[in-house]
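Given below, in the form of structure tokens, are the structures.
Same chain, two partners: chain A is paired with chain B first, then with chain C.
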Partner chain A sequence: MRAPIQIVKWATKELVEAELFDEVTIEHFLEAQKEWRPVVIAAARQMVQAGANRESIPRHWHWDWSSKEADLRILAFSFFGITVQDKLQGLMKLETVGWSGRIASQKGKPLAYVDYLETAPWNIKLLMQPLGRSPEFRAIGTRLIEAGVRRSLEEGFKGRLALHSLSGSERFYLDVCGMTAVGRDPAKQDLLWCEFTPGQAEKFLNEGAA
Partner chain B sequence: MNTKRTMTLNLTHQEMRVLEELSNQKDLSKTAILRQALRLYQLVEVKLSEGGKLFFEDQKKEKAELMVL
Partner chain C sequence: MNMNNSRKWLIDKAEQEDGCLVSVGGFVDALEQTEQTSSNVIPFKHAFVRFVQLARRARKLTLDQFAEKVDVDLVELLKIEKDEQYTPAMRTVHQIAEFLKIPEKRLMVLAGLLRVKDAQFQKAALKFAASSEPVEKLSQEEHAALEEYVKFLCDR
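On to the complex of A and B.
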């Protein structure tokens, strides 16, 4: 699947043509490691040196997409990427087996689980500020979550989707996407389990992020 | 999504009954249940081939290794 989408240029709020795809390869993982990781680490280092609050320092500096190469051949996992002029702007790993709803009305019903979602660091204001740069694009995360909801619909999950949110992203999933905060998960570093019901997912797709 | 291909599947009454039960329990179509089963089977096979083990833990926290053929 390759589909044209639109994201937003941070500085001017202009719409920018981008491409969403699910034919992710090891080359994309290597690009993320080579192009993204040094920027995330540099920003984290600057934040530490500036005495930033520990909670605000990015917790994904150690992520390694290339370690997920073997997962590319597994049907239970889907990967999505977004590029602008062939430059990778975001990646997501979605699991479509083994997860079910935790909201009382959705208990036992299968859902798509976002295992990893990462936006290129130059699109994250929090990371660009310590480096004295302005972010480039916004709406990458929104477009990836939309892709996850659509895959959930294709799988017959009625749009149900969930994830464990890093602390710095909770407001995005709850306030911008409109997911429900179900509770902290002690089995997953106390991260917050955020979930879309079918109704919330439909609203998110139809009305867009808040 | 990749282009889909069609196949005919013959099930016994008992197999169809179980498929329908799972379909109702999980709020999924019968086709979606079978696709889930295929995904799960492949995932387990890959993990086992990589040296992983599959366990079930009961309520007493006792683990039993599951044999997969």
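On to the complex of A and C.
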């Protein structure tokens, strides 16, 4: 699947042509590691030098390459990427088997689970500020979550979708996306389980659309 | 997949998302990554440089002959062999791996393009780097070190 989409240029708020695709290969992960990691590390260094509290420093993902590459071949997993002029701007791994709702009204009903989601560091304000740069694009997270909800609909899960949010990302999933905070999960380092009911997913997809 | 094409929806969401972190997944501290990079990648890179040098010389190829056979840019090959800080392009490593019939992913780890948690792999890379010294002609020991390491890379 390759679909033309638009995202938003950070500085001017102009719409920018982009591409959403689900034919992610190991090359995309290699590109992400090679291009993204140095930017994150440089930003973290600047923050430390500026006296930032260690806890306030954004964390970067840990790449388990062997499992990621194996995952690419498993049909129950979908990988989505967003590019602008062939430059990778975000990646998401979605699982569509083995997960079910935890909200009381959705208990036992199948859902799509976001196992991994990340945007390129040059789209993250918190990382660009210490480097004296402005972010490049907005709405990468929104577009990836939208793709997850639409895949959930395609699978017959009625838009149900869940994830374990990192503490720094909770505001986005609860306040911006409108997911329900179900509770901390001791099996996942006490991360917050956030879940879309079908109604919340519908609202996320269409609220304010004109 | 039909994505929302409402300009208003997108602009509103973009405004709301601005300044938010959106990360999901298993994370480690960026600073720990920095420390790991400094301690792990350099030995691998040293092994990578030695490996490319010896593999080329074992085939009695000059740099430009090797570049032509592997179909990579001569300047990049020079950088690989002369500058351990240089990180080669993925395509270059892919081409070298294909020419030398070495598993691509293993060579990418050595080149610093991939990271693995594998003490045995690191130990073997260090051993190889330490046991190979550049001379005009490969000694029996170098041949042995090269062959042993090729076998290690291929068997894993």
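Quick note on the criterion: the second predicted complex is superposed on the first by the 197 of 210 C-alpha atoms of A that agree within 3 Å, B and C clash if a C-alpha of one lies under 4 Å from a C-alpha of the other, contacts with A are read in each partner's own complex, and residues count from 1 in each chain.
In this text, a residue touches a chain if its C-beta (ideal position, glycine included) is under 8 Å from a C-beta of that chain, and two chains touch if they have at least 3 such contacts.
As the structure is a prediction and not an experimental result, all values here were calculated from the model.
In the superposition on chain A, A:G108 makes contact with chain B only, while chain C stays out of contact range.
When the two complexes are overlaid on their common chain A, residue A:Q89 makes contact with neither chain B nor chain C. Within the superposed three-chain model, A:T180 lies out of touch with both chain B and chain C [touch as defined at top].
Set side by side, chain B and chain C differ in how many residues of chain A they touch, and the one touching more is C.
Legend: residue contacts after superposition of the two complexes on their common chain; A:G98 is shown touching chain B, with no touch to chain C.
With both structures placed on the common chain, the touch criterion links A:Q200 to neither chain B nor chain C. Look at A:M1: by the touch rule set out above, it reaches both chain B and chain C.
In the superposition on chain A, contact of A:K158 is made with chain B only, not with chain C.
Contact with chain C, but none with chain B, is seen for A:T142 once the two complexes are overlaid on the shared chain. Shared interface residues of chain A (contacting chain B in one complex, chain C in the other): 1, 154. Only residues 1-31, 33-34, 37, 87, 90, 105, 108, 113-117 of chain C touch chain A when the two sit together in their complex. Contact residues on chain B toward chain A in their complex (touch as defined above): 1, 25-29, 31-32, 35-36, 38-40, 42-43, 46, 50. Within the complex formed with chain C, the chain A residues making contact are 1, 3, 5-8, 10, 13, 15, 20, 27, 30-31, 33-34, 37, 40-41, 43-45, 48, 54, 57-66, 69, 93, 114-119, 124-126, 138-144, 146-147, 150-151, 154, 163-166, 168-169, 171-173, 175-176, 205-210. For chain A in complex with chain B, the residues that touch the partner chain are 1, 22, 70, 73-76, 96-98, 108-110, 154-158.
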